[in-house]
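Chain naming follows the written order as A, B, C and D, and within any one chain the residues start at number 1.
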Amino acid sequence: MMRFGIIGTGRIGDMHARLIALQPDAVVTWCFDVFEDSARRTAEAVGARATTDVDALLAADDVDAVLIASPTDTHVEMILRSAEAGKSILCEKPIDVDIEMVEKCREKLLTFDVPLQLGFNRRFDPSHAGVRNAVANGEVGALELLVITSRDPGPPPPRAILEACGGLFRDTTIHDMDMARFVLGEDPVEVFTMAANRVDPVFAELGDVDTAMIVMRADSGALCHINNSRRTNYGYDQRVEAFGAEGMVRSNNHRPSEVSRYGAGGTAKRDELLHFFIERYRAAYEAEIRDFIDQVTAGKPPSVTFEDGRRALILSEAALKSYQTNQPVKVDYS
Amino acid sequence: MMRFGIIGTGRIGDMHARLIALQPDAVVTWCFDVFEDSARRTAEAVGARATTDVDALLAADDVDAVLIASPTDTHVEMILRSAEAGKSILCEKPIDVDIEMVEKCREKLLTFDVPLQLGFNRRFDPSHAGVRNAVANGEVGALELLVITSRDPGPPPPRAILEACGGLFRDTTIHDMDMARFVLGEDPVEVFTMAANRVDPVFAELGDVDTAMIVMRADSGALCHINNSRRTNYGYDQRVEAFGAEGMVRSNNHRPSEVSRYGAGGTAKRDELLHFFIERYRAAYEAEIRDFIDQVTAGKPPSVTFEDGRRALILSEAALKSYQTNQPVKVDYS
Amino acid sequence: MMRFGIIGTGRIGDMHARLIALQPDAVVTWCFDVFEDSARRTAEAVGARATTDVDALLAADDVDAVLIASPTDTHVEMILRSAEAGKSILCEKPIDVDIEMVEKCREKLLTFDVPLQLGFNRRFDPSHAGVRNAVANGEVGALELLVITSRDPGPPPPRAILEACGGLFRDTTIHDMDMARFVLGEDPVEVFTMAANRVDPVFAELGDVDTAMIVMRADSGALCHINNSRRTNYGYDQRVEAFGAEGMVRSNNHRPSEVSRYGAGGTAKRDELLHFFIERYRAAYEAEIRDFIDQVTAGKPPSVTFEDGRRALILSEAALKSYQTNQPVKVDYS
Amino acid sequence: MMRFGIIGTGRIGDMHARLIALQPDAVVTWCFDVFEDSARRTAEAVGARATTDVDALLAADDVDAVLIASPTDTHVEMILRSAEAGKSILCEKPIDVDIEMVEKCREKLLTFDVPLQLGFNRRFDPSHAGVRNAVANGEVGALELLVITSRDPGPPPPRAILEACGGLFRDTTIHDMDMARFVLGEDPVEVFTMAANRVDPVFAELGDVDTAMIVMRADSGALCHINNSRRTNYGYDQRVEAFGAEGMVRSNNHRPSEVSRYGAGGTAKRDELLHFFIERYRAAYEAEIRDFIDQVTAGKPPSVTFEDGRRALILSEAALKSYQTNQPVKVDYS
């Protein structure tokens, strides 16, 4: 039985807590949040103790692992304190939006020996994972073209969230960068970005962009395209397409039902895509928790590592730099 | 080079004439219609001679084969006269809506030895034929369930046409009866029908129905369902689904393009289905002509025989009788 | 907070217990099964007390509602004892496979005033419910044709289960009969059945059939077709198609992912359909529990009533009688 | 009645000749080819005169228009001679693979006043045209992202053809460049290309590439991605996807039938895509001819102009230059 402390019980932390409680071999024992009401609400739902003092949680004997879902700018601190306390760690992405902070964290982590998994939940989505597994199994032959479509449902998040998120590339594209690495099975070595402001004036006001197209190259010669938008009017548009000599495998979108409509004006009309990421990726979040428990319990390394988080951020930085300089950028992972 | 005379240059005859003219090894030499303008219009389009005298066409040396597309109640006469004249015959369905007429025609035809193909065009549709071939090749194992959806685009045909057509079962369902025999690879032996008047008062006024559901059984134990409507608002709905121990094969609908639309309110919306049977079954009509020329030229029997037409009509009669008596009807093909 | 006692902790009872435990306003307090291990396993998973004495559960003060998932032939007894104990009741389908037992139960229930919901889970499936809601909202106009495809994944259940299940019509078709009533919004008044033995010799040995096609008529003139098989090799095939003057709405099948494959030999290949009913209808089972809690808590009548269960069974009996007599059967609900 | 001379009766010229012959208001009168057999074969099929002397064709009184389908390196000469002869011109793409030749041709054409349409057939495809019309009608709002997938069925063309074709960008991508301009409704102003050799050694031997990803930007801020491969194993993969604030419209692939297959191992499997461009774009080629006849007959300018051909080539050159320099390239159309 793995006993979890939840660090941060906002929307994502609360969801994780409930998914952990569903597992037969895991239990939530502590819930921390700076907002007492929030911590208590989640704690009650899962039969845990609530606290506004993270030290209490980290010092507790009945906490084997922590789920870090506090604000992004506290991730590094919480990772290091949890490592120091000897807890296994499942931390929401990103490690930090500042690559310097990530490098410092990396160095300090070398002195601890705790399992740490980074929350790239999309790797656990049955559809995206299906594409990756097909590629890894050689179903399409050597991968030649990888196309990732990744568009958030609108409207855009509140300004306060946008200000702290690190911009389109570090906040959203980072997921696609991880997906690219996951499916390619290798690291992109060069990146070129075009981007624009088409969605909402708030992005330009923050010096950010809301619409982007990226191309990348891997050493094998495989090419990868990512396109991003901060807003669709038809739901959360998340597709992955892998192509090679032996064929193509695609991961298509998810909808709330399998209803289709026929009438004057059109046929086979389906529902809008699922809008909310917690609904869209519910199965992925469940599988992610499951995998973390299984790997740690078996003494195996986590499936998604700190280094995965660092490399995805390096790629996001490269995409941003390419946009800013209008030049292709060689990626340096050292 | 097969030289055709067209008997009847209405909508269907004109289409056939143009499709024949497209074939590299066939030519239209004569066009007959009781309406001189009609005959002349088609004749000009295909470089043939127009006539209002069918005897002239039948007597012509440069006519090897006839395409009979005159009104249904003249089919038997035209078949017999063409047979007497020694022409190969491709005749639109049905032979006649009166089974007595069909039986008399059958008897008289015994004295002639000319190839005669009946125009069950749907057998040549790439999608429906694909289902039949899959079943014939054993792809689904022994056939267990066959579901035929067959709904005409609305609005219903003009009253004059409805009066002469022999009613829903002899006019429309007969196509589905032929499809059932084609895919089953055997004759249904028992039929039960439920029907209703839901579409337009004109059908009830004519003592006809416009909506029907049929179930049939074959000797092998295979079961078949047909559902019919005289009107959809989304196009010509024509599907065939064959099921057995080894799987299922389906023939789905055809649309004018492969465009799909995503937006607020729905996603993946496709065009309405093709509405007009000549557009929907254009490829089938072409393949039908092609097949007729190939079979006759090679001295092989036509792919769709007079007996096929007779049996489909017998099944349609059985469906009607079942509806009228509210009893299952054993089918007698003798 | 609604406190549940689980009566029967086999596969379905265990699933219900876990789904109840997920609800924020419900809790499982007692688990009964004649097999102590089974009761204890479920009880531990949801933090409840285990018992092999159903009287203890029914007498407990901390049980507001019971979930009856014991063997079918105990349903009537458990319903009546639970009613006597004043518990709200959510009972798995069917009430009983013997219509006499159902009638007796009905009569006795008149003397109690407890909410009772019957477990026709498919009514709560997002896709099927989507079709029903579209029809109820008039999206297709007056309903004219309803086609229900309902085929179980193979292989067939063990012989012992088949012996007790009441046969194809009372065990499987009953779901489709309820779906027909649900979507039609009225009761079928006449039924005709064709059936066959195609799947496995065990069915014939038990005097049962494994393959069936049914047509039914409602007073409005709406027609309904159901086709059933006890075995597919591609998963659980469950579709509903509603057609009328204003269009068509369909509920299509569910798969484990949205992956599609393209290669030599074919394109757009999807996963097999979900095979196991608990996976296929997981969302439906969750919504069913949710609805039961909401309705009972609000003092409203359950969404699916004892009478719904009785009428679906009467329809299943009519389908069986039609098969046995090879005659259409008028349905008597009195 | 428009009278056509066919210049070049290879595969494409022969197809055009037959499609012209199908039109009620057009006729083929002359067929030229340097190979007499080829000219004669096409001429016989459409009832025209065959010649190996293009001067005879151009001097003929009974030629109103020419269809130029001779080898690419003769296009400019044939265009200019036809213009001099006062013929209306429908010329296969490209004008030439050498931009200098195109510029010279452009200058000389200024002295003639004949209609000239360039054969960008894909503009007339019902599916791609459907996307363009939807965008032009504002269905997706201001266009933000345009994704063009364009992969040829394998194996690659013979070496001799590859040597003369001008390379991937001038031969294949040029179609996509025209599609981009067509759907965007404006000219891309900057291009960046990544490319690779993944398909066949022959491409590298010729100094060519076989796999490419391009991103482009238009003045409006709209972004466009093109991905190309010289080989698929599942047919001709040609898709267009247009995205904006109001939604998305997609043009999907075409198949020979609407058959789908379900069985152990997978469901909903469709046919391979159509492989051969003449089959895939048959409807487009028909509509192209139809449009040319209609525009010229009505005295209106052709729908696809010399300038369209020139600009698509300029874009292809820019894509090539970007690949060669690994730099984004600003496009100069002057």
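Convention: a contact is a pair of C-beta atoms (placed from the backbone, for glycine too) under 8 Å apart; a residue touches a chain by one contact, two chains touch by 3 or more.
If you want to know which protein each chain is, UniProt gives these names: A, B, C, D = Putative inositol 2-dehydrogenase.
Everything quoted here is computed from the prediction, not taken from an experiment.
Engineer: Comparing the two chain pairs, does A-D have more C-beta contacts than A-C, or is it the other way round?
Structural biologist: Contact tally favours A-D.
Engineer: Going by the average position of its CA atoms, which chain sits the greatest distance from chain B?
Structural biologist: If we average the C-alpha coordinates per chain, A ends up farthest from chain B.
Engineer: Which integer distance in Å separates the CA centroid of chain A from that of chain D?
Structural biologist: 42
Engineer: For chain A versus chain B, what separation do you get between their C-alpha means, in angstrom?
Structural biologist: Computed value for the inter-centroid distance: 57 Å.
Engineer: Among all residues of chain B, which ones touch two or more of the remaining chains?
Structural biologist: Within chain B, residues 232-234, 237, 246-248, 253, 261-264, 271 contact more than one other chain.
Engineer: Where on chain B does chain D make contact in their complex?
Structural biologist: 22, 24, 45, 126-127, 130-131, 134, 139-140, 246-254, 256-264, 271
Engineer: If you look only at chain C, which of its residues touch chain D in the complex?
Structural biologist: 232-235, 237, 253, 255, 261-273
Engineer: Which residues of chain C touch chain B in the complex?
Structural biologist: Touching chain B: residues 142, 144-145, 147, 149, 151, 190, 192, 194-199, 211-217, 221-225, 227, 229, 231-234, 237, 243, 245-248, 326-328 of chain C.
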